[in-house]
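Should a chain be cited, it is by its letter among A, B and C, assigned in written order, with residues numbered from 1 in that chain.
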Amino acid sequence: MKLSDIAKLVDGEIVGEGNVDIRQVAKIEEAGPGDITFLANLKYKKYVVTTLASAVLVSKDLPLAEFAQRRKALSFVVVPDPYRSFVRLIDTFQPASAGLKGIHPSAVIAPSALVDADAAVGAFVAIGVGCRIGAGAEVHEGTIIGDGAEVGEGTILYPNVSVREGCRIGSRVIIHSGTVIGSDGFGFAPKPDGTYEKIPQRGIVVIEDDVEIGANCAIDRATIGETRIGKGVKLDNLIQIAHNVVISENTVIAAQSGVSGSTKVGKNCSLGGQVGLTGHIQIADQTKIGAQSGVGKSITESGKTYFGYPAREVRETLRIEAALVQLPALVGQVRELTNRVQELEKSLRPRKTRKKK
Amino acid sequence: MKLSDIAKLVDGEIVGEGNVDIRQVAKIEEAGPGDITFLANLKYKKYVVTTLASAVLVSKDLPLAEFAQRRKALSFVVVPDPYRSFVRLIDTFQPASAGLKGIHPSAVIAPSALVDADAAVGAFVAIGVGCRIGAGAEVHEGTIIGDGAEVGEGTILYPNVSVREGCRIGSRVIIHSGTVIGSDGFGFAPKPDGTYEKIPQRGIVVIEDDVEIGANCAIDRATIGETRIGKGVKLDNLIQIAHNVVISENTVIAAQSGVSGSTKVGKNCSLGGQVGLTGHIQIADQTKIGAQSGVGKSITESGKTYFGYPAREVRETLRIEAALVQLPALVGQVRELTNRVQELEKSLRPRKTRKKK
Amino acid sequence: MKLSDIAKLVDGEIVGEGNVDIRQVAKIEEAGPGDITFLANLKYKKYVVTTLASAVLVSKDLPLAEFAQRRKALSFVVVPDPYRSFVRLIDTFQPASAGLKGIHPSAVIAPSALVDADAAVGAFVAIGVGCRIGAGAEVHEGTIIGDGAEVGEGTILYPNVSVREGCRIGSRVIIHSGTVIGSDGFGFAPKPDGTYEKIPQRGIVVIEDDVEIGANCAIDRATIGETRIGKGVKLDNLIQIAHNVVISENTVIAAQSGVSGSTKVGKNCSLGGQVGLTGHIQIADQTKIGAQSGVGKSITESGKTYFGYPAREVRETLRIEAALVQLPALVGQVRELTNRVQELEKSLRPRKTRKKK
């Protein structure tokens, strides 16, 4: 594809040679001749000098003259948002693999299940009694859908997902392999003899539209009522969502984080990786929580950033961190000060021995 | 169902109107008209005033007169243990879904496997050579059971569980979807050239009776001998149990915790979420370990509570935490004190310059 | 098997009775009559006195005379490397279970897939269009291999693994149950309305030769290009590897650790359990990182040991840890010092009141 055609596609302006052939997209550090790449963050502009790419998508903010002089062989396409234009080119050069089509003859579908004529069902899929699978949905190989569960339009369940009975998954949801939706919540009542009695877990999981859930997550069904993943929420891999949790819309959670039972996370929050939230708390909208933090109390004011174990407002954690580095020296300073004060006390009361406990 | 009938079922005494119709169970914050809920913890008694429920299970400890006056439309059922009575009503209003029945024709069962006539086997289940599946056991869709493995009576393996060869699972065990029993322990001997040689992992996993294991856990087989999960142990989701670990009876472990190789956890312990235990240590009976703690040494005295990274007895961790908040100020105080001491030293020895290193 | 035969097998020298019958291998603490065990670490030599084993593999470093006298019934086999000899005996007494053989008739293999005549494919396996499965490979029950993926010679995929389209797995690789290779990387571009747009994830995962990956791991495909797991890398269970990560050869990572996007881990590193690495950093070769550490910055010097949250060089973390224990006392000491300095100031300037802010 000629660079001039690419420029038209992304509505950009060429600085340099438009007749060059572009064969693929690549990251700026890895790109070679024939590749087009992008520069979104000016922090990385040094790579413009070293990249072997044939073309770079850039914004108006890049002082092009400077670079164009040094890199005669390199062409530029100036666009309003280089990253977004690059994402569009990914779709052009590396189109998505064809989705699943048709109903595989090995699939076991209960006669009472309503599978839309336009849905696709892979090999070794089991779909239980009374399920509904929407138009354009793809249920990939080895995925098991329990009785009465619902899967919305255009939703993709990748291979080996387990959806337990009665759970409801919205439209345009993506669930990656190995994830479990609707396993029993973790609830046991201690008995006097030290053993535990299982508390029945009869609620469901509701996953709203436009959610994406990574690989090997576990989202437990509610004891009663619902565990709810709000519209547009994005969960990374290996995340634990306990019973009766609510994750509100457009919140993003990175890998290996866990949310304990009945906690409610607000809208548009972002949690880093390996974060833990205790149970029965509320996290205000637009809260940011740094990686590996442990949150033990509700966060009531929205828009704040928390970090640490235990999590505190980020400034406080950073102040403590900075002081912590000085702590070993501080121990020595206090010891020295104590000696000096003792000396002073002695010289002031030279004949009396100061009593110390 | 009339409230009067419910009162009989839970052996309770009605205060208010017994003729009201109850349609379902709900949590006190979420209950609406026609719902019955419960109050187990007096801390939440404010909800008795605001709940829209038609009836509340309460204990004798609630000062009923006070509330009965304010809430004419609300009826009470006084029972010895409101929570336990509520759990019973969950079973009444939301009965468990029918378990799996029969042997699905797609299942692949080795001729030498002994599957009890009263066990159920779902679609796409594979059961290996010489396996035994007990009466009343349910092996759900997509679950794979390796050669020689055993599954006890009444045990439920939910969809997409993997049980590797030779492992033994007791009776009335519940294993949730995606969990892996008997994967190889993580053992490698370093070679002089920097590569590793795999140490054969030929032991098994033994899961005793009445254990429940959450979704997407990994329980490794022993190098030689057994990895053992004791009677009545409850494991939440995404837990790692390494080779040759022993978890003793009635211990409860919350999600995303990990126990390293050859560690032995005592009886009736409880571990919070995201806890890590190092290898080759012993944890005494009835130890409690707070969420996200890291335990690097054996805990020898039973009944203590540990917390933190590294884990210390909870009181010590809390004292350090409290001091930590004061640390940034302390750094300033020590600096100021140093100045003041220097001033004092000067005024005492005005003509001599104190030597400092 | 006679001990004398074992001695020949491991090329060792018997001290004691060679005619004794050995029935199995066991750990020294658990061994009973008829068992052979080993002593590799002299720290555990006390067990030589108490073990019920019939024989112990020992090195020349053990002062045998001392023990032989006290344990008449115990025989010794002196070898250069007792642990390695023991591993060999595990293979003798507990041989590996027979691998998978043949192609199960229930497997669904695309006509265009090239499955070597000497590869084995289990029940309910799906192999997509254009896949290649090498000689001696074992694809166990319930494992799903997406279109165009490749599996090298002698590689074992245990039950219920998911390999997504286009990923390439080398030779002699072992992947344990439940692991997902090639799920989408976690990439979303925020939109002005607070929702997110999915960034296409069109790269692949490349797993080089001789890698072992534990159970229920998630290894995401690259946005563009590759996520790469280098030759000889060993990953434990429940590990998260994000998009475009590179783990270089012979690095070992313990369970539940996570590596964020585009981070590059060097060769021969070792990461403890539950470690987190932030994105876009580089970890130098031969770095060791302690369990539960959080690494937020590149580590540029090779061969160092890091530990803590945030991770610092181990000595620094230990110094801070040691000081931290003294911190609560330090707060008291500073308070006391402040009082004493105030007293001194008063006695020096008895008539003037010192001004304090």
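Convention: a contact is a pair of C-beta atoms (placed from the backbone, for glycine too) under 8 Å apart; a residue touches a chain by one contact, two chains touch by 3 or more.
Treat the numbers as computed from the prediction; the structure is a model and nothing was measured.
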Interface residue identity across copies chain A, chain B - same or different by half: different
Relative orientation of copies chain B and chain C, as a Cα rotation angle in degrees, nearest 5: 120
Rounded Å distance, chain A centre to chain B centre (Cα mean): 24
Touching two or more other chains - residue numbers and ranges from chain C: 106, 124, 142, 160, 178, 216, 238, 256, 274, 309, 324, 327, 330, 334, 337, 341, 344, 348
Interfacial residue positions of chain B with respect to chain A in the complex: 25-27, 30, 83-84, 87, 90-91, 94, 96-97, 104, 106, 122-124, 140-142, 158-160, 174, 176-178, 210, 212, 214-216, 232, 234, 236-238, 250, 252, 254-256, 267-268, 273-274, 291-292, 309, 321, 324-325, 327-328, 330-331, 334, 337-338, 341, 344-345, 348
Touching residues (chain side chain B, partner chain C) in the complex: 106, 108, 124, 126, 142, 144, 146-147, 160, 162, 164-166, 178-180, 183-184, 186, 188-189, 194-200, 202, 216-218, 220, 223-225, 238, 240, 242, 244, 256, 258, 260, 274, 276, 278, 294, 296, 309-310, 316, 319-320, 322-324, 326-327, 330, 333-334, 337, 340-341, 344, 347-348
